[in-house]
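One chain, subunit A, links the two complexes that follow: it is found with subunit B in the first and with subunit C in the second.
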Partner chain A sequence: MTHAPVLKVENLQTRFKSVQRGKYVHAVDDVSIELYPGEIVGLVGESGCGKSTLGRTIVGLEKASAGRVLLDGVDLSTLSGAALRNSRRALQYVFQDPYSSLNDRQTVGEAIDEALLIDGLRSADERTRRAKELLEQVGLPHTARDRHTRELSGGQRQRVAIARSLAVNPRVLICDEPVSALDLSIRAQVMNLFLRLQKDLGVACLFIAHDLALVRQAASRVYVMYLGKIVEHGPSQELYDHPGHPYSQMLLASVPEVDPRVEKLRSAPLLKGEVPSPTNPPSGCRFRTRCPLAVEDCALRAPASHVLSPDHNAACIFAPDLHGGKRSALIHQAA
Partner chain B sequence: MQNEPLLSVKNLTVDLLTAKSALRPVDGVSYAIRQGQCLAIVGESGSGKTVMNFAPLGLMPTGVTTNLSGSVRFEGQELIGLSEPEVRKLRGKSIGFIFQDPMSALNPVRRIGRQIAEMAELHLNMSPRAAEARALDLVKLVGISDPAARLSQYPHELSGGLRQRIVIAIALAGEPKLLIADEPTTALDVTVQAQILRLLKDLQQRLNMAMVLITHDMGVVAGAADNIVVMYAARAAECGPVDKVLVNPRHPYTRGLINAIPRRDDPIGSEFRGLPGVPPTLGAPIQGCAFAPRCEFAVAACTRARPPMVPTADSNVCVACPVVNQGKAAA
Partner chain C sequence: MKNLKPLFARLNKIPRAALITIGLFVALGTFAPWLAPQDPSAQNLLEAGSGPSAAHWLGTDHLGRDTLSRLLIAANTSLVSVGSVLGIAMTIGIAMGTIAGYHRGWVDDVLMRVVDVGLSIPSLIIALAVIGIVGPGYWTMVLALALAWWPMSGRISRAVAVSIMSKPHIEALRVLGASPWRIYFNHLLPGTIGAVMVYATADAGVAALAVATLSFLGLGIQPPTPEWGQMLVDALPYLESDPRQVLLPGLALTAAVIGFNTLGESIALNRIPKPLTRRTLAARRIEVAGWGKESLDAK
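Let's turn to the complex of A and B:
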């Protein structure tokens, strides 16, 4: 990774006014991430941890309250008008639910045409040619152009949604749970489409998901988010094999096994309770209220980020021990 | 185990007639469940898994005419052909329900305690005071901290996991013998999912209930269920004990589904395994095996006639696949 990141998020903060007067919901708090050209990066965490808000803030669907989003080194907040629109085009979003992200009254052709018009393709012939190309890229027959989106299945609709975001030649796709609304037998097809797009078009992908197994296989690197903060990030294999944060470790261990022989050996569920409110996050380490390893020090100050191996960081005072296998949030729990 | 099953479904077919179209979401499905057991019904959306469980109990959208045939016997009583008032006596009392989305299953403008208590009043003829006491017991039973305070809260004040616990408490209020849980953990996080599944399994064993777990997620089956029915396009494809079906799936669809789940040892960036094609749309009746167009083992016999559910070499496992069953005959 000697080349420059295509997307760089620096100390990004998104906060919303709370219903409690004078208080704020810190949905995203001081988050920095990087995305290199042509890589798929996972962003995982429980619901309410701010992962969708982070994605939405990056593309400008939410307003950042602090921090910067740099696309190819250019700070998007310094741009306006046509320059901003041009940059935004390079940054596309794929939504979770392909049933609500497409207009039922449009045909597939119209839906894609709209995106191409925005891209400035004036000639109708040119647009038809490009639409054909896009449909092919996402694995739909070009005869699909004349069908209404409402006639399509979930998997097909998600392909149309992807074709639409590809229409403007983006460099970065932010995919927010793009396959969780799809049936299991269809999921693999759409996942393989993402892998192919990454290889063929070199599109970088921020893959927001709660399905950890899916992310491990698709992403080269993973960010783990908890209550508005990135608690750990690293290369997927390394992070899945040697997690350095108790939250990552427990999250990974709570994925159910298909094999009943393995599943029946499982002890009590690991992570107790749920994510606390982001309006009043715990002092110090935000995970401490659910962490079996928490000590007094955790409440006093936010833990520093430890570098565990190249490009693998975790924000926990025990990170080196956890990473080295000298300590475990799982064993502690069982005792 | 010699006694009659608590719920016995034989050759159940459901036809739905709307103003414009006729659908057959369930086509000749049979299964049984005994007291104290958990049966998982697994299938993709549109496979008929939910309709199959809800239609015999009169839980269908309005504006749709539902025609049922076959037999559904609960505690020896035939449910098909039962009048609505009689079905209503069972619903919520002997048969409890847990729905997928805990937010829409609860009344947003009434307190939690009242919603639980009204079930006890209705089904167990309890006085309001006794019902309130029972509500408190139930909230404790489903493992909610600070139970007394929770009773006076509204659903929006609770998180998804807590709401689902309340829905479970309501389902248990009528002391059901059978609990039907429709995707109880789909709307929840992995971490909360593990907690809720553990709770359901625990309660089911402690109260010696039978439980039907409807899900599309193979992952939740292994830890909770004793038996499994795999549904595909309105029909059962495979059924048997979980230990056997998940470890050694025989039907090509079951195999494909299990194979499609990413594994820890899959290389990063490798292709995802899946099934080719898409599930058929309901509507036009399918001549042969519904899975044949997507099946790599399909032979001519598959498209000729509908394959029957036949016991395999292991007589506990039944599979509706001519190829698998033919292999057995040859062996």
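Let's turn to the complex of A and C:
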């Protein structure tokens, strides 16, 4: 990666007021990520680990309490009003639920037309031409423009949502589990469409998912998130083959095998229990309460990030051992 | 279950009946000045209190005025006053509700406390107090009722606006960089108005009753303008000798109130007959179903 990142997130923190008085839920805590032009980066983690909140904070749907978001080197927190809206437009978000992310009162044409209008395309003819082009790109016929979005299926709606995001020529697309609300048969179609478009248009993409297989197929790099923090980050092939953090190892091991005979023999150290409350995160390493390897030291201080290989980091004191495969057996035993 | 079927079938017809009643009320009320066969104020004491005849289809009242004409013009009076009351109340309510729902935070708190104060005083008491201070009259009554009515619509539209604002399609607009004006006027306001109109329909019946009540008490619409509540008062002394004079305006008022209530309820429960038939809907679905399914490798 020689060129500059298109999106740089520095020490981002998002907190919500807790129901307990005076306490805060740190949904995203000190997260730094980078996205380079044209690449797909995966962001994985369990439900409730803050991956959606991270995505929402990046596009400005949640307010960051600390940290910066730099788009093409421009700090978005220094902008406000129309300038912020215009800059931030290069960051687009594809929502998980295509049923509620489109206005039921609008037709497909109106939804796309509005996005084009917001982007400053004044000529009506030009907007019509562009809308047709966008619909064609997402594999819908021109006649779809006159239909209300409520008449469409989930997969078709997600196509419309993608077309609308692409209407403003984004540089970065943040996809929050864009296919997990769809039927399995539709999922592959939409995913293929998405990958093709991403390749054709060269948009950088942050792909938020809990489907690890999907991320492996799509992403070149992967960030693993646990309880508001990035615990491991690396090229996806390397990370999937040699995970350096016990959480990543257990997350990967929890994917069931397709073959029932292999599945029977699999002795996966399954993740037990729930993610602890982000209102009172465990001291030191946040994963220690569920980690089979946890030692006293883990509770004392947050583990430093170890560089395991170029561009592959993991925040665990055992990371070098785990990465080398020395302690993986230990996890299996302990669990 | 079998015994219940005819009952359900009949229930399905009630919204239709309500729709027809209200449709008739609105149509007759709108065109009353042209439909009324005679001058509703023309007195003819020689024919006072006479029953139905060829000249007076529904008879005359104690001053010999044509009852049918008076009922029709009264429908017009009722329609206009209820429409104005709800129109003013909804405008204030929706404006406050959507502003509160859009901004949240302290704006929401302040506006909703104002609404709370308004809601804590019974609406008829407010109306009576305002009329007591300003004096009875047509527009005084309309304004007094509107003043009493808006907090309810303010509360409802705030709830609707909050639910619309938290929907992902508004968030999608934010991400697209839509201006606050666009979000407010193109998405929040139309959505809220649509939803609040449903409540307005159910409220229209109560408002019609309130207009009649105030007129009955002599605080609302003043003679000689015909009004159902006022016709009831005029006919009251003849209740025993000629109940027809009381029954006719009473029935008209009852039909309008029940009609509005049933219609509002039916709209809320989505039981209104749809203009699109099932067959056309099914055909459109089938056409749409094929889209986007073609192999992507073909490209």
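Rule of thumb we're sticking to: the second predicted complex is superposed on the first by the 325 of 335 C-alpha atoms of A that agree within 3 Å, B and C clash if a C-alpha of one lies under 4 Å from a C-alpha of the other, contacts with A are read in each partner's own complex, and residues count from 1 in each chain.
In this text, contacts are C-beta pairs under 8 Å (C-beta built on N, C-alpha and C of every residue); 3 or more make two chains touch, one makes a residue touch a chain.
The shown structure was predicted, so the numbers you read here are calculated from the model rather than taken from an experiment.
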First, second, both or neither for A:D125, with subunit B first and subunit C second: neither
Partner chain in contact with A:L251 - subunit B first, subunit C second, else both or neither: first
Touched partner set for A:Q189, first subunit B, second subunit C, both or neither: both
Which of subunit B and subunit C A:E296 touches, first, second, both or neither: neither
Partner chain(s) touched by A:S101 [first = subunit B, second = subunit C, both, neither]: second
Touching partner for A:V168 - first (subunit B), second (subunit C), both, neither: second
Which of subunit B and subunit C A:G155 touches, first, second, both or neither: both
Subunit B/subunit C common contact set on subunit A: 153, 155-156, 189, 192
Residues of subunit A defined as touching subunit B within the complex: 40, 46-47, 153-156, 183-189, 191-192, 195, 210, 212-214, 216-220, 236-237, 240, 250-251, 254-264, 266, 268-272, 274
Subunit B to subunit A touching residues, read off their complex: 44-45, 159-162, 189-195, 197-198, 216-223, 242-243, 246-247, 256-258, 260-264, 266-276, 278-279
Parts of subunit C lying in touch with subunit A, wherever the complex brings them together: 167-169, 171-179, 182, 186-187, 190-191, 194, 284-285, 288-289, 291-294, 296, 299
In the complex with subunit C, residue positions of subunit A that touch it: 59-61, 82, 85-86, 88-89, 91-93, 95, 97, 100-103, 105, 114-115, 118-119, 138-141, 144, 147, 151-153, 155-156, 159, 161, 164-165, 168, 189, 192-193, 196
